[in-house]
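Read the structure below first, then the notes.
Note that the chains take the letters A, B, C and D in the order they are written out, and that residue 1 is the start of every chain.
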Amino acid sequence: MHWSLLLIVIPFLGAALLGYLRDQRSQSLIGIAVGTIVLLSSVMSFLAFRAHGVLTWQLNGAGVFAPSLRLDGLSALFSMFSAGVWLVTGIYMYTYMQHEERTLSFYAFYLITLGAVQGLFLAGDFVTLLVFFEVMTVASFFWVIHRQDRESMQAGYFYLFLGIAAGLCIAGGIALLLVAGTTLKIGLSAAVPGNTAMFGWAVLLFVLGFGVKAGMAPVHIWLPKAHPVAPTPGSALLSGILIKAGAYGLIRTGQMVNWGLGDLVPWLGTLVVILGVVTMLLGVGLALLQANAKRLLAYHSVSQMGYIILGIGTALVLKGQGSFGLSGAIFHSLNHALFKSALFLGVGIIVLGTDELDLNKLGGLWKKYPWTAICMLIAAFGITGTPGLNGFISKSLLHHGALEVALSGNAIMVWAERFFNLVGVGTAASFVKLIGLTFLGKQKTQLKADAGEGPMLKIAMALLAAVMLIIGTQPDLIMNLFIKPATHSAGLTDLAQLSQVNFFASSAVWDMLITLALGGTLFAFGMKTNLFHYEPPQWLSLEAAGRQLVKAYVAADSYVSRTYQSFSRRFGFRLRSCYRRMLVINRRLDFEGGGIFTVLSFSNLNSNAFLVLTVFAALVLYYFGARLLGG
Amino acid sequence: MPVVISENLAVLIVVALLSAGYVMPLLKKIKRFRVAEFFAVFVLGLALSGGLYLAREVLHNGAFTYAVGGWSAPWGIELAVDSVSGLFLITIGLVAAPILLWASVDLVREVGSRARAAWYLTLYLLLVAALSGLAVTGDLFNVYVMVEVATIASCAIVAARSNAVSVEATFKYLMLATIGSGFVLLGIGFLFVLTGNLNMNFIFQELSTSWQNYPTALWVGLSFFMVGFGVKSALFPLHVWLPDAHSSAITPSSAMLSSLAVKGYIIALLKVFYIAVGPEIITNLPITDIMTLLGMLAIVAGALFALAQDELKRRLAFSTVSQVGYIFLGIGLGNIHGLTGTFMHIISHGATKALLFLAAGAIIKQTGKTRISEMAGVGFEMPVTLGVFAVGSLSMIGIPLFSGFVSKWQLLLGSLVNRNFLAVIVLVGGSLLAAAYLLPVLRTAFFERSQDRTVKEVPYVQLVAMLFLAVVIIMVGTFPSFVLQLAKQAAGTLLGLEVLP
Amino acid sequence: MSLPLILVAVFGTAFGAVWAAVTPDEDRTERNFVVFGASLVSALIVWWLLGQGLYSASFPAFELGVASLNFKFALDPLGLTYAVIASTLWVFASVYSVGYMDQEGKQRQFFSFFLLSAGITLGIAFSGNLFTFYLFYELLTFATYPLVVHSGGEDAAKAGRKYITYSLVGASLILAAIVMLWRLTGGILDFGAISAALGNASAGQLVTLFFLFFIGFGVKAAIMPLHGWLPAAMVAPTPVSALLHAVAVVNAGVFGILRTVYSVFGVDVVQNMKIRPVLLGICALTILMGSLIALKQDVLKRRLAYSTISQLAYILLGAFVLHPLALKGAILHMIFHSTLKIVLFFSAGIVATETGYLNVSELRGVGRILPLTLGSFGLISLGMIGMLPLSGFWSKYFLLQGSLAADAWILLAVLLLSGLLNAFYFLPITITAFSGESDLQPRKKSSSLWFMLVPTLALAALGLVFGLWPGLASPLVDAVVAQFFSL
Amino acid sequence: MGEIGSRIIQNYPYVFALALFIIGIYTILTNSNLFKKVIGINIMEGSIYVFFIAAGNIRGGVAPILDMGEPGLVYVNPLPQALMLTGIVVSVSVTAFSLALIMKLYRFYGTVDAREIMRIRSEVRASAGGN
């Protein structure tokens, strides 16, 4: 377990160390060093897991809050690939950050976030997980606002507030779990809770909370805002790793409900499937319409997360038999981390040279950027699921899952399977678009003087590409080495069907090739009819709805407060004037006299004597009156 | 204490005060006039100790009557010494002595000449004597005589400083007071006609058997009393003379009148109503309702009028009107708690209002400013004076640990016992209003900056006097057990209940 | 041994106040040492009492004579909690105000009343019966009034008038309630003994009494719509706002309500009154309204004031849920909110003294000038939102559990929503402060900066420590819960 | 009628006293001249004396001077008479005092008319700037 502790501690120490280093190079060297150490120790801890099985570690004697860690296949896998991507990004940043300001803060939060992410993946119970979740949110928020212009500020607020909302949801879920009387431990399936309804609400809150991070529709809205404005390494990590934290949380939630065994939350599987499909469609649909490279990639992250969520959903629906869906989800998380970060990094290189994100203004850059072009092409093939590349493997696993649920004949599930293919087509189309518009055709913008791909950038890209190729060509190795243990530790013990899957079965390959072909035609069609320039109406997006809501609130609020203020002012004025009037009358009645008061005034002797008599008369009359009434 | 003195103590107090009063003019020739003043204070101190002794006697051995010159009633004059008299004697002693001590510093300058000062002392002691007489007297004849003496003396000390305003105020006061005593006399006449007696106990016995035969006549008589004493003790609609008199008189006079003179008549009223006429008649007639009504009216109206004043002493005068309302409210409640509250308020308001007036007088004397709005920053020049003023204000508002709270508490209990929630509201609101008209003084004095730093604190004798009163307030507020026991017993005697010591 | 110690703690500070008052204006050092020493001594005493173990003890009252209105001190976990909070934070605040008041005038007045209020607060904490409680509660108003109006000027006077009016009206309601209670129980006012004596009271009477108390204390606890004085009183110097409006005064109101619910009426009686929905509704409304109004405030201290209003309602909410977990959350929130909110006030004060900026909109780039201050501000505002790893999370966590366990489902939504609203009005402050460049030309920091900075940082660290080891607070809190719920 | 009349005849002193009292009050109320007010007060008090003496009187009673010679004499009640003697003394002193005050007032205001004094006084206050 000590290796895992190292995983969490080292980055924070590195962040502390950064404070003493002013120049960007040494900072980035620290970054690379920390990344390396973390990667190594995550590998070490993975080996430890191989050797001793699940390892847990508990900090005792802390009373209310006892932080605990747990290292099993799933967390080991996630921590490993996140560490890897982090290291690659660190190498990339060595060159990239020379073009950015305020490198210190960026590096600091880069490392803090690394620690948080590692902690999140290694957390042994949901409270500990929440701690790192919050730290991750806040730290990565500073990536988004790093440019500090108006746009990035707005995006940052979106990101931060949604993240905090997610954290609150998870906190609420935790409270509900406690009251429902189930465990908070990660990696155990919940004992049958005392209060099923409450447990259901808790799970729902978890899905919502982790869904925000996972860019699940309809709460994905932060994602396409945050990615374009963040510096490229930031967006790469956001899209590559941070949203996987959401996926991780969802998987653990699924494990908590024991993958639907025992029907603790019957509706959960269907719900997640629907959410997944919607996310896929929404993401890819909007991605097709984007001209901004980074935003296009961001929407693709949404749709790819849709795949993952769909996989989890199928696993939930299949009640313990869904090893295809789950392993596919896990595998796809790994793959998506790889190719999406590669794509972002590539786009970043282009941006360094051209300061241009608009695809329609780019073109013909392959001469200038051969390495980038090749690596991005590999990555694009990966994401579209071309046979021989990593995406293909995970997608076919997911597709198996989808097919299995579709067999149940339930309409939703059938349609889910069909949409699965449709999304594949869309993905293909939009990546043909990305690659084609960027590298082919004739060059539209002239490059900066120092444009080009520095050695470090090349190394970074090459590393990612290599890993993707390895995975794509050696799927079974990866399956047995990582994915099966991960799936097993994620709570699915029945992995029999995984071993008899043949990835390169001709049917599957053909399916994928057809999908690609369709994608190509769709791209051509889209380019002919300016389909890709279609602007979806504002009211469609949740964000617009939110804006309307805020507007309405502000209007109502201002109206209420205005009326209230005017009322209170008028009322207070009346009150004060009455009070003053009374005082004046009192004084005049007392001695100042004037007008009628000269006669009534207390200082008028006659009136006083008269007063005495009146009181006496009043007393006597009162008595007689009382007697008359009293009889 | 030798027996001969102890059993004649009640009359000795009165006689001593009277004779001391008549000695004063002779002392005006001596070289240092302060001696005379201190002698007067000393006599008052004696009276206080005598009062305390009597109070202890009464508290432990119960009430006793004393036939002056051995002539027993109905032929002779009878003094009835009970806890009522004990309590009021203590009040007189506690308040009158420090006031005179305070006055002694520059009495001569205030009233103009030594001779006038000497006569002032005479009147002062006469007033005190008359009030103590009212405390101990047992028959209506003496009540009348003492009331008259007190009236004339108090009018005279208002006129001590002869300027237009005060003389005019005095005249008005005198007129109304005389009408009032005329009413009192008529009331006495009615009781005499109905019972053929002037001794309270005999009247009580007569009435308790035969009052149903002529309730109307009794009522008319009692109304005469109520109006008569009401005028003299400034019950709200009849308070008209008070503000002028109290604000225009010299400070010791105002303090004396507000804190003691007014209460003396209330004591007389209580004696007539509860000892002579008796509680059950009172509760059968609508008197108590009327008193409650007038009391509440007085509390609110007095406070509202006080709010309107910018002149400090006048504001205090109106606050007296409001506080008298508390006392009458207690009488009106007519249960043990209410009357206890009345007595507690008599003593606590006595000390408090005396303190406030003395402090106000000190401020006016040192700064020459009579209006609150001019008193910015005085608190920094005269910290002690304003400090004791703060003590007085808190007691008047009714903050715990100050005497005002004890009486307010009892009054609240009394009104709750009667299920009279309007009274509860009025009591609570009354103390809020008290805060409203007293705290601004402190705010202006402490939290607004003034330009001149020339003002100095008053001489230490006056400080001692004021501090003494402040200590009295705090002690009564913090350890009220003795006084409270006395007050309870007094209420018991009035209601004819037996209250265990 | 304990009673004399308590007396020392309560009246020793009063003695210190007198000392500070008689120290001539120029001997600043002496006065500062007196102030610091006195508050330190009282804090040490309280901690010693805490160390003695959390027993409940009530000490022989000394007779006030007024029938069974006795002056009585008692020591119980609830009171001790309040005492610990107040006295500990007072030490930090005394250091801070030494720095803050360095340039200001009228130091004698300020510091003497500063110490006086400390003693009175402890008196409230240790009072053993309702009468003593009322006494100190009333005195607190008068002792804090000079601090509120300290800055002088017209608006200060107005604020002071508002403050004293609200407080006195509330106190008079409490007085009326106490008298009625006295009638009902036949003179029993000791905490804990009352509810047993309430047997023969009718439901109507009980509810009337309860609401009299609730409204009376609610004034100081700033329940809407009785909160008007709190934002107005922000004209006071910052240490005062920090202490009185985040720690002493408002908590006195909250403490009063806790006493009312748990020590006066007792859980069962309140349970049977069937008024829980009303109370919870009021609290929920206060929470949300407070946050929503805070969103609109541009003056930093006013924003903090409104956040205080909504945060206090959390505590009351926990008190009214009448569930052990919720009570635990309430007590924790009382502790944590004080420790967090005071940091926010301190930081605001530092910003005001160093840059002269009072509005949120002016703060752009100030974070570069005062990184530590704004840093701790940001950290602690995360705590106010209820994010881990800061203490604010734990109280809300138990509040949530409690209200869910008591089937008050709606509160889940309320708490989560208000957490989000907190984020809306707190985070932009820090973010603006750290983004962009301020147009403020750099000037040298005032010599007394560290006096203000050190307590701020220390308390911020405390917030973090509590967040990571919430267990530190639990012995005390569990004792309080065990005091009122037989578990 | 007759019956009531006879009662009035019997109690004529009381009727007389009542008349006097009303006259006195009327004088006080209607005359703004201070002297006349004082006189009114005296009249009022006179009525009270009459009332008391009448109350104390017994038909055919003799002055209460103890005479051992003739037992069985009916004495009138001495108490009211004694009280009235005191009352007369008091009223004399009050009258004297008020006359003295009136002199002072005349010195200050140059008039003994209450209304005039009111007017002057309110003018003075007004010039003093009100309160």
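Assume a contact is a pair of C-beta atoms (placed from the backbone, for glycine too) under 8 Å apart; a residue touches a chain by one contact, two chains touch by 3 or more.
This one's a predicted model, so the numbers in the text were calculated from it and none came from an experiment.
Engineer: By the contact definition above, name the pair with the higher C-beta contact count: B-D or A-B.
Structural biologist: When the contacts at B-D and A-B are counted, B-D has more.
Engineer: Of the chains shown, whose Cα mean is nearest the mean of all protein Cα atoms?
Structural biologist: If we average C-alpha coordinates per chain, C lands closest to the whole-structure average.
Engineer: Could you grab the centroid distance between chain B and chain D? Build each centroid from C-alpha atoms only and quote it in angstrom.
Structural biologist: Centre separation, chain B to chain D: 27 Å.
Engineer: For chain A versus chain B, what separation do you get between their C-alpha means, in angstrom?
Structural biologist: One centre to the other, that is 79 Å.
Engineer: Chain A to chain D: how many Å between their CA centres?
Structural biologist: Taking the average C-alpha coordinate of chain A and of chain D, the gap between them is 100 Å.
Engineer: Between chain A and chain C, what distance separates the C-alpha centroids? Give it in angstrom.
Structural biologist: So the centre of chain A lies 37 Å away from the centre of chain C.
Engineer: Quick check: what residues of chain A touch more than one other chain, meaning two or more?
Structural biologist: Chain A, residues with two or more chain partners: 587, 591, 603, 605, 609.
Engineer: Residues touching two or more other chains, restricted to chain B: which are they?
Structural biologist: Expected reply: 171, 175, 179, 309.
Engineer: So which stretches of chain C touch two or more other chains?
Structural biologist: In chain C, no residue touches two or more other chains.
Engineer: What's the contact topology between the chains, one of line, ring, star, complete, other?
Structural biologist: other
Engineer: What pairs of chains are touching here?
Structural biologist: The list of touching pairs comes to A-B, A-C, A-D, B-C, B-D.
Engineer: Quick one: in the complex, what on chain B touches chain C?
Structural biologist: Interface residues on the chain B side: 394, 397, 399-401, 405-406, 409, 412-413, 416-417, 424, 428-429, 431-432, 435, 439, 443, 446-449, 478-482, 484-485.
Engineer: Can you list the residues on chain C that touch chain A in the complex?
Structural biologist: It is residues 292, 296, 382, 385-389, 393-394, 396-397, 400-401, 404-405, 412, 415-416, 419-420, 423-424, 427-428, 431, 435-436, 468-472, 474 of chain C that touch chain A.
Engineer: Would you mind writing out the residues of chain D in touch with chain A in their complex?
Structural biologist: Counting only chain D, the residues touching chain A are 25, 28-29, 32, 37, 114, 118, 121-122, 125-126, 130-131.
Engineer: Write out the stretch or stretches of chain B touching chain A in their complex.
Structural biologist: Where chain B meets chain A, its residues are 171-172, 175-176, 179-180, 183, 216, 219-220, 223-224, 226-227, 230-231, 237-238, 240-241, 243-244, 285-286, 290, 304-305, 307-309.
Engineer: Given the complex with chain D, which residues does chain B contribute to the contact?
Structural biologist: So the residues of chain B touching chain D come out as 74, 141, 144-145, 148, 152, 155-156, 159, 162-165, 167-168, 170-171, 174-175, 178-179, 181-182, 185-186, 188-189, 192-193, 196, 198, 309-311, 314.
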